[in-house]
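First the structure, which I've put down as structure tokens, then a few questions once you've had a look.
In this document, chain identifiers A, B, C and D correspond to the written order of the chains, with residue numbering beginning at 1 in each.
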């Protein structure tokens, strides 16, 4: 599902009819779904799938999201989602994203910030084992 | 949010940009969301909101869904969702739906069948208190 | 993205957080999105992507959809969507679907019926070139 | 559907099962749909529904979106979406948003920036008649 270089992991996604809106292109909110796919595949590639983190009793709750839209694509386009760890603190974590069309044009860039919560929904330090795999890919 | 007559409860929903696809009309799968809104508002109107059922440890899991599409509408249309209890058994329950545009044209009709599960995810009799309020509206 | 055998084409999709609901499993309406992915990849595999049909001025409008739910899966599950042409008439076309989890358990089965419309939104015969590639896979 | 005070327009939306994810609360990306509802109802309340703008050959394309998440709510919660015009230039326009739960707790705040395009998809001055109604509500 992709490779990592310079900390960026790349995943391809095909735009579905469901993703488009009446302007004929991807609905703006759906890029946050593509960001989700990007960070999930990054974590899987790093050997620590998000589902493992949940199985261990943690959650990464989104505290911030930001998107810049420079282009858009329509039905059946094959887009490329790049994700990397943009910042890592005790409790918080930032992912950066870039979405490209097949011609290599940047469509959307952005980031999300997440706080780690434990099973009681309290802020918790990001588990050491996760920090270790995330660290090398920080920009 | 609506009234009940002949067992049918009616709810109005405004079509969002998010609901449309590149054909300019509502994406076919989103009518199952409108059906959800219809049955939720029907149950609320009957005095037994679905959230109460969940609070009591039950779930209504969908086992079947069927839709006939006769028309469609675009962005900003105000649609009317009609829902009623179409059938009621020990464990299972059927809801019927009709979605109309503002001119009174039938867009989509269909039904969903649900099985009642208890907190252990086992099939369970529909609680008596729910049956009592559902019964009067059966077609 | 898959192969064809016995007329069935198979595509794998990873369940996203976005696809789940508070029951922890895929929201029932999202299976119609998975059906869309199934038929889109079937048509691509047959050499006639749906986007080509649209480029030629046609649309396949859904007139009917039916789903039976026998199981469900949660976040990060890898599901397998099987699609085939279930019926072919002058103007109408039926696709059949089966969605399986990774253990080979059937989760959802169903079908959709589509009518071919021309660029004036009038019913039109399914183009001969499409009929030719669809025919061999009819069940 | 709401009133305007201090430039803020308020709309109520009921959280659907479809809106939630397996954490039991609203999926983070769906707040951009709630923002859409907020600005659509604001424009309608100002007497210039977005659909009118489109009918006149214009589009407001999103160029930027930003969200801060401070809380979240689950199924069936009634949330309140506040929207106002946050900035107005020749071609660009900013909307601000605040989403509250029923207890008056701020859940999510943010903004979107839009560029006006004409029917040829070129940047265009925001029509004078729209500017007139938007202006009074600028913060």
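In this text, a residue touches a chain if its C-beta (ideal position, glycine included) is under 8 Å from a C-beta of that chain, and two chains touch if they have at least 3 such contacts.
For clarity, every value in this text was computed on a predicted model and none was experimentally measured.
Ranked by how far their CA centres sit from the centre of subunit A, the chains are topped by B. In this structure, the chain pairs A-D and A-C differ in their number of contacting C-beta pairs, and the larger number is found at A-D. Note on chain placement: the centre of subunit A and the centre of subunit D lie 24 Å apart, centres being C-alpha means. For the pair subunit A and subunit B, the distance between mean C-alpha positions equals 34 Å.
If you average the CA atoms of subunit A and of subunit C, the two centres end up 28 Å from each other.
Shared contact sites, meaning residues of subunit A that touch two or more other chains, fall at 17-18, 23, 29, 33, 36, 75. Touching subunit C in their complex are the following residues of subunit A: 14, 16-18, 33, 36-37, 40, 49-51, 54, 75-76. On subunit B, the positions that touch subunit A within their shared complex are 17-18, 20-25, 27, 29, 74-75. The part of subunit D that touches subunit A in the complex is made up of residues 23, 28-30, 32-33, 36, 59, 61-70, 112.
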